[in-house]
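The chains carry the letters A, B, C, D and E, assigned in the order they are written, with residues numbered from 1 in each.
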């Protein structure tokens, strides 16, 4: 019990740090691709501290605050469900279906917060964000189903154990791994699937009225989401981690791939996003599923 | 089954009368003619009925004192036909009376016109516009 | 010690924690290295910003990023001449930005009207209406100048000298007077500047005056909707 | 006098009292008390859910030589407790201010009270049925009772009630056909008699029975393609009525299906019935129908612009989860499906009540005419929020548990497509219910709603109570799952071994106590992070970034219409009224036939028909 | 028991007296009519009591059957016989002329005769008399529409009579007798062939004109639309049922061939479809009920087409239910004339009338435990018990018709009870109409509480009616039964499946059932 509480405290802390690093990596990758120098090493930290240190914090009401808390908290809860080297207690008590659902909680929280802002840009952004969720979750659940079926369990710890005994999921179900990567692109909300932010058209959508600690929290949330996505994919396909080093290397690699792809793309419209996310990854996922289930 | 030629002729005639009468009833338009067609059909069927008791060469079924001259025709159909004729005449009389009444009411003795006027009347009594929106169902379709 | 930014000034006096100083320094450092700018592209100066942001000059290495809404921004870049109609929007936007906030006037037009000096429809001196931290003069200034101005602002922030946003609260009556002179008596913005001044403890002797009195006469105060059970 | 008799008596008394005194709004609390008595009586039968002997009813009839008898078993009890609870909540909701308001608006309160009272009382009759004849009697009574409830409001509701009636009678006729078929096979209407001959029946006969029963009862459940009546009929019923109907009414179909398809024919029979030339079996066919029922109505709900319609469409979709769970039939899935009945009843009633509360205060349920009400009706907002989280099946509410059970079972059974369909339904639900919440409570508060107040206690109390149940049974689903084990045993299904928090499994179980704990721990950490920033200053909604524009109260600054424009652009054409088209073409065909039939009677010479039919008859005779 | 003849003779006599009496005093004529009807009821009631579930044959004028004319009394006959004066009394044309009283009495006499007679030709005579009386009643209203409708009805009906007579002729040609019992003994030998069937077809269609059989029911909407509700109720409720009763007697006694029942089933099904669908589209209440009655009669035909006791139980149940409900509905429709759309809100405020309407509609649609449900259930059970495709189709038709019925009846109801009032009422329902309708309603509700005894009674009645041997024995004595028994044995040796009530029927029977060399094939007198 005590160990679990320790996990509950430690995991978000680790996630925060690693997530910020991933955020930095993201911006660096973007800068490198655009032949820029990019931000300094501690830039994400500066941003977060600045936002939390703002004199004026504009709130649009209680739900605005609660929504932000739910958004951040949802990802924090979600990442504790994924086993990391040495900390598998919480993950062992739940399963991957619960995780899928936890991953939907932040969307709802963000939606609440944005909706309360009474800004149409925010509402449009949220409508697009939820559409995006609808888009990437379908290939994602196909992947989840396939991997659960293949490993014969929905327990993530057992999945890791299975892979460490029988080889990585990536090699056993490459099609599903591809579909998962595609879904990851959508889940991270990066180009070409970042229509819901669309700064030039809808003024960063859900974030339009967020300043100060609100935006700061969302940056924290983003770092958590990067971390969660990275280690989830690692856990599902790359055999989790034996030690923190190989685990983090894999996680960073996983996150680096969609980032690298992202900054070469323009933005898709909502329906184009739906089309592409429902076509290729779903196709690959279903094929992969067929291979997994009938072999 | 073989019938004597005479009976064949008679049966054919009776059935033909029936068919002619019914056909007239269907095809005719004049009310009086329809009544006449009805009379023809009735005649046919009466003939048929009376034929059912017919035997060639038999006597009329009149019970004479102590003497039976030979085979008699079946008396029952004759009695029946008598009744049928009476009924038929009554109905025809009623029909003709009604034709007169109809003519007085609608000024026509044509079946087609009668139907049109009658249905107009019925629709009017039912508070419906005459035949204009016959395709619209009552109230709203229970979709 | 005076300008510790995370708390209102009244609160600072009571603080006794010696580490607080370090902490505040740290926050100021972070603030100076993370400048999100809202470039209000009013005129030709805007054309110099894309090169400043992209690969040639890359402002992101200074931690400077473009932002699209005032809520997220720290710097308001006014890049050129300001017509009266535009000025209203600029003021609205400025007031919606969360403090601490900085205004940079780019191009000569914001300094003195520049080539629009004789225009009846152009506000000549931006600083009359908003507290400007920094002017980057030129017609237009090159990206180098912009970057250099930014660095200067960073220095000012780091040392706690970029305080003009407080001036807006302290001398609100002055700014409002100029605004009213330009826009008419019925001028008002949705932001409750006086209330904010109260809240931040920046309500000074010059905050209120005849102009604010006029404002209070004409304005329909926007009282936020609170949750209520009855 | 058994408890069941008492229950019947109490419900009949309620109906009587509603009929006599229902007109007066002040009778509301007394009627609510009567519903409370009903609920208590059902609660006293609680041991049923833990394996006690069935409670019989004293009356038993015999008509035309066929006996009718009634008794309550665990299955009946499970549905009855939901019915009683929903009825109590609905009656409570309308007992005070709402009832007065309804009467003042010109509504017929007496009719509404009576109709509402008739519903649970007929349902108790249906739920107790133990042979085909009593089942059919109860079935028809329930159908007509809900018809009366739908009619109560008049206006548009009547149209939908009539549509419902056509569907309901159609369904009832299918049930009747099944019942008569069973009689033809066995010579009696007893379930046992049919169950005894099931092994000897040919596949064709079994298919007929399965199709007739599932089709007939499916109409009530709103299974595809018989779902078109439900949304309108439920949505246009007066508020508390729709809460009751939405909560439990259509689940009677599931009950009857459980009783007949699973209780009598047996899951084994369904599994043995395979569809020729496909790998599917009968129960999978049901599951597939359920899958379509989940997806299509859910996405139809997405298009709705009226809050009540939106909820009603979701009610249809959620029915699909129940059937899917039950049809898959293993311990997890059937428990999930059954538990979803309970869960759905709780949150759907709460949701309908919340929407009704909004209508009560604002006079409209049009999602394009509301907004920003969270500051004015925060508790109603809370209820709606809890409700939609339950409806969408997100943790920590109870809807999550039942869906989790179904998903887990689908993974166990290796049904990827059904799994995807179920998840797609959930996603669609999330998307759609957010729109509901957003368009009513978030965003800009309209000027005309500035003076809106929270609804009074008589309306709030049942809503909040239901929300509490939604949360508590989400936190400790074992409370409900315990009942379901008895039900599963009764139906001869595999039995779940639940824990208080859910299910314990080595390969991925569910412990809601932990799940909720972790989630709230996460929120706690999130709150810590959030609160690290300074105190926030609340601003007015018009102090808002609009690209530099000045906003005024007259400006409608709330994005509500065509909320998912991009999504609709893509998927809108995929399901544009295909079933509506089907229904319309059936109606059109009937209409054509009817025109022909009416034409027969407009002929000039009716004797022509006479001659015609004579010739035909003679020809047929000669042939 | 010969006094039963009074039930026919008295109203006939009174009918001839009434116009003369009416010349001096209308009230006296009316009282005479009522008195006569009361006496008839008494007579039949006494007969019912004396009969006590048995059967009796009465030879009229002392001639012994098969030569003489017989009245055959069993429970079914007496029940319908009793219903005739009772309904005539309830639906008495109160505002009519003495002539109409007279015609009503004649109608009563002939209809009673129709119910009781045991002789085909006699049936024909009574049938014609009934027809003539009803033409007179219809035309008696005096409006052009009524007269036109009466004329059109007359032509159709007379054509039907011709066919009926033709059918009777064929039967006579084949058997040489017209006594039903005697025919029943001879039929297995002489009428089990296409010619016999043709006779049945002709008689079915001929009688069907009155029985509202599809498609010879073109007169129904016109007549019911143009006459008073009372008369419509009388015609739809009673006269049509008696015609059906005659058909059923003939079917059961003389034509037990499956093909005969099949013909009836098919025409009945078509009648259901046409009637209900036309009613669905009907735009005024009167004609909606008229079409609905066509549909209901279709169900009656379909129900009776089920061979054996099951069919008769079902048919009787449906027929009696309709007999109770439809006249009452016509009475209610009296004050709700005009288009249905125009009746918006007409039922508000008239709660007794509306309540009765709801009750009848529910019973027609078949809400358990109202009697309509049991009748429908019996029908469907009978049909599905047969197990043939056609019977299944029949059952489906009945059930589909229920859906359509519910659709239009409750659509109408929803209009009647609509909130928005746009309807100016011509006044409340007449008290007597309401009382009569309420009586029907009471009987309907009361029968719910007496379902068990009613069911048993119906079963006993049907058993009696289906008992061909019993019929023959009652009329002709035991010897005749033995004769028929022998014949039947011979036939069932030749074709084992041809008899018996519970066997399935189908085309296969027709195709293979009658081998060319069968001794029955060429039998002629």
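To be clear about the criterion, contacts are C-beta pairs under 8 Å (C-beta built on N, C-alpha and C of every residue); 3 or more make two chains touch, one makes a residue touch a chain.
What you see is a predicted model; the values in this text were computed from it and never measured.
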| item | value |
| --- | --- |
| Steps in the shortest chain-to-chain touch route ending at subunit D and beginning at subunit A | 1 |
| Both-way neighbours, i.e. chains that touch subunit E and touch subunit D | B |
| Taking each chain's C-alpha mean as its centre, the one farthest from subunit C | B |
| Which of C-D and B-E has more C-beta contact pairs | B-E |
| Where subunit A and subunit E are represented by their mean Cα positions, the distance between them in whole Å | 78 |
| Subunit B-subunit D separation of Cα centroids, rounded to whole Å | 62 |
| Distance from subunit C to subunit B - Cα centre to Cα centre, in angstrom | 107 |
| Centre-of-Cα separation between subunit C and subunit A, whole angstrom | 35 |
| Residues of subunit E whose C-beta touches two or more other chains | 152, 155, 159, 221-222, 280-282, 407, 411 |
| Overlap residues in subunit B, where contacts from two or more other chains coincide | 22, 25, 111, 115, 119, 137, 140, 142 |
| Contacts with two or more other chains, residues of subunit C listed in rising order | 6, 69-71, 96, 196, 224-225, 227 |
| Pairwise chain contacts under the document criterion | A-C, A-D, B-D, B-E, C-D, D-E |
| Complex contact set, residues of subunit B against subunit D | 22-23, 25-27, 111-112, 115, 119, 135, 137, 140-143 |
| Interfacial residue positions of subunit E with respect to subunit D in the complex | 152, 155-156, 159-160, 163, 194, 197-198, 201-202, 204-205, 209, 214-222, 259, 263, 267, 273-275, 277-278, 280-282, 291, 362, 365-369, 373-374, 376-378, 380-381, 384-385, 387, 395-396, 399-400, 402-404, 406-407, 410-411, 414, 418-419, 451-452, 455, 459 |
| Subunit A residues within the subunit D interface of the complex | 8, 12, 51-63, 65, 68-78, 80-81, 90, 93-98, 100-102, 104-105, 107-108, 111-112, 115-121, 123-124, 126-128, 130-131, 133-134, 137-138, 141-142, 145-146, 148-149, 152-155, 158, 195, 203, 208-209, 212-213, 216-217, 220, 269-271, 273-275, 286, 289, 293 |
| Subunit A to subunit C touching residues, read off their complex | 27, 31, 34-40, 42-43, 45-47, 49-50, 53-58, 61-62, 199-200, 203-204, 207-212, 215 |
| Residues of subunit B touching subunit E in the complex | 1, 18, 21-22, 25, 31, 34-35, 38, 41-42, 44-46, 48-49, 52, 74, 76-77, 80, 83-84, 87-88, 90-92, 94-95, 98-99, 101-102, 105-106, 111, 114-115, 117-119, 121-122, 125-128, 136-140, 142 |
